[in-house]
Amino acid sequence: MRWLLLAALAVLLALPAWINSYAVTVFIFIFFYAFLGQAWNLVGGYAGQLSAGHAAFVGIGAYASALLSVQAGLTPWVGMLVGGVLAAALGTVVGYLGFRFGLRGFYFVLLTVAFAEVCRIVALNTDAVGGALGFYITFTGNPRQFQFQDNRAYYYVALGLMLAATGIVAAIERRRFGAYLIAIREDEQACEALGVNTFRYKMLAMVVSSFLTGVGGTFYAFYLFSLQPNSVFGIPLSVEIIIRPIVGGAGTVLGPILGSFILSPLAEASRVYFGQGGWSGAHLIAYGLLLIAVVLFLPQGAYPALRRLWVKAAAR
Amino acid sequence: MAVGLTLIFGVMRVVNFAHGDMMVWGMYLAWLLATRAGIDPYVGFLACAAVLFGLGVLIQRLLVDRIVDAPHEMQILLMLGVALVLENGALVAFGPDPQRVRSPLRAATIWLGPVFVDVARLVTFGLAMILTLALYLFLNRTDLGRTMRAAADNAYGALVIGADVRRVYAVAFGIGAACVGAAGALVSPIVPFQPAGGLGLSVASFNIVIIGGMGSLPGAFLGGLLVSVAESLGAVFLSPSMKELVSFSLLILILLFRPAGLFGRAAS
Amino acid sequence: MSAGGGPPLLEVRGIGKRFGGLQAVRDLSFEMARGEVLGLIGPNGAGKTTVFNLLSGFLAPDGGEVRFDGRSLAGLKPHAVCQLGLVRTFQIVRPFPHLSVLDNVRVGALARRPQMAEARERARAVIEQVGLGAKAGQPAAGLTLAERKRLELARALATEPTLLLLDEVMAGLNPTEIEAIVGLVRSINASGISILLIEHNMRAVMTLSGRIVVLSFGEKIVEGPPAAVANHPRVIEAYLGEEYVHAPAR
């Protein structure tokens, strides 16, 4: 299995030399959403706390680094960390409120959605950050400002982000932190009885997850150059974030990546084929159907199912 | 609207994330009836309710039934998937632009004491009250209604006494959908609607139901009143676009301090 | 089974718990010495599991105090109590269904051995000790009830407890399985772990316990060695009702 992954990595690294700019863009989105999905995976997949408000962290990271860059001249390479920390601060608040007050399942989902919506409404109504018109970054192409002339540079940055997040999650899975998160997802009370400080570990997962997602916000800002509260804080973005790990396999290292490789091309294809003439939402219908199918037939996601097939094939 | 949601939760313990999107379809159906068949939504809402009842039963039989015992996260995701399909189906079918239904009642206003009141809103309010009352009577006076309440309290016990629990679930879901279909139709002349509004309506429904108490009918009703009043006050004192802030803040507070809501039973 | 010298391992003084209108536990006091096996019995609804919840930190007592190894347990969450060495099992077993037997027990072992490899080793050893060695790789969901009870026991053992609270570990088992568990509990005690067990199976309780505390309607009614407790009129009354107290012995 390991050599397969290394081969795939080598291919991805060499790819930009062989494909056109449009394809590079598709891959950028695959990597970027895989990154966000992987960050979510830690708290939503491993710890089992379904957060449907992760867009809030993207938004905070995006606005923070954008504002700092445009108004204070701070390079986004540092602004990225500031954005991450601010996002983690919100994550701490949401996590603290949710976990301290024992909110589970649906109630926790609603809490996260509520916070994301509050962020969105506040951003819409705050003229200092552009209000409903949005916040714009002028394109300079200056790498020190996290901007690149060449699409391919963004490709490698996005790939790097995805690999970094995956590495972090893999490292966590191998240690006690990861084992505890998985156990918490199975049965929190039983964990408590076995000496696991469930509050602490859920919080840790939330903080790491929201920090990484906030860092992703910077990429969002400096790749798209415009921030609209409804897009960057909105529920549709949260859905994009969570659907990849869920379809690919929540609570697995490769799940979010697999999910992104399945869903991003799907979205892009339907956007291309149906994008003209009012069918622009068609890819979301496919998302919905896929989500239904996964829940009914493959609740653990695509990756575990594939791995079972692989094991069976190898056993022959 | 909230009443339907609380019914579904109360009986099946399933949270219907597609609620708002069903409502949007109710609105569009009313629009279709109004523009194609010339039927006023205040009459047509019955048809909308019926169609959505059918849709609800279909969804329940095909999908929800399979995951009634699954972990909550799975149920949420399933309904989210349904929501996505419904919302974007509406987008494909009707286009993204906001619509409104024309009704002869819309322009009429009457004096009610010291304030002008829209006749349209008054009729909507009145019909909503009547429907809620009808639902209440159904649950408390008819056999099927009583069976539904029994299943809500104790599904296993209901099975033991011979109730067809699966049928009850289907009907409950259907009625919940019908409620929201009717709500959509009744509201269609008053507010502009568009496919993207579905999620917002779902969240609004949850707001109300949580504040009023999940699974409690009077709670849903009072919750609806409370949230509307709070939002209107918010619109007046803060600013119109911030009124949602009020209901979200209220939601957060209730989630933290009294998740059972004002009248609700505690969630399992 | 003999009590060690020195201060008591567990001191329970006057704890109580009320749920709405129901006084589940009332003014309960008892002590446990190091190395003891103490049985906690009483009719259904007597409050025994509530006592376990109070001792292990899942519930806070309304009043009174619990001291373990000289330390007060007031305000401690269950994980903290476990870290101190007091571990409980659940009456209705709660394995982690999707994890293997080994991974289940490893979660317990991680409490004392944060390194994954060490924890794995310890988990393996404990699994052998309880006799589940052959099933180490199997998902917990596929085990029989008797195996799940052993798993529950193994997980708790893996945390290296000083005092083990066993909640009806024999419930639902057939006589052969019960014999096996009795032997296992005895060997665990022999290795130095003190045991407080809730049990309905009277034979098991009588054989294993050095002393027994009897609860009825949340209050301690009798305390003493098994023989004394078995024939105590108040105990008979609690279980069978007043009419049987003076029934002729057969």
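Per-chain residue numbering starts at 1, and chain names A, B and C are given in the order in which the chains are listed.
Here is the rule we use: a residue touches a chain if its C-beta (ideal position, glycine included) is under 8 Å from a C-beta of that chain, and two chains touch if they have at least 3 such contacts.
Everything quoted here is computed from the prediction, not taken from an experiment.
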Per-chain Cα centroid nearest the overall protein Cα centroid belongs to chain A
Chain at maximum distance from chain B, centres defined as averaged CA atoms | C
Report, in whole Å, the distance between the mean C-alpha point of chain A and the mean C-alpha point of chain C.
-> 44
Here the gap between chain A and chain B, centre to centre from mean Cα coordinates and rounded to Å, is 31
Chain centre separation (chain B, chain C; CA means) in Å | 49
What residues in chain A touch two or more of the other chains?
-> none
Residue set of chain A touching chain C in the complex reads 174-176, 179-180, 182-183, 186-187, 189-199
Where on chain C does chain A make contact in their complex?
-> 56, 58, 77-80, 82-83, 87-90, 94-99, 103, 106-108, 110-112, 114-116, 119, 155-156, 158-159
Chain A residues within the chain B interface of the complex = 48, 50, 97, 101, 103-107, 109-111, 113-115, 117-118, 121-122, 124-125, 235, 239, 246, 278-282, 284-285, 287-292, 294-296, 299
How about chain B: which of its residues touch chain A in the complex?
-> 15, 63, 66-67, 70-74, 76-78, 80-89, 91-92, 95-96, 195, 199, 203, 206, 210, 239, 241-242, 244-245, 248-249, 251-252, 255-257, 259, 267
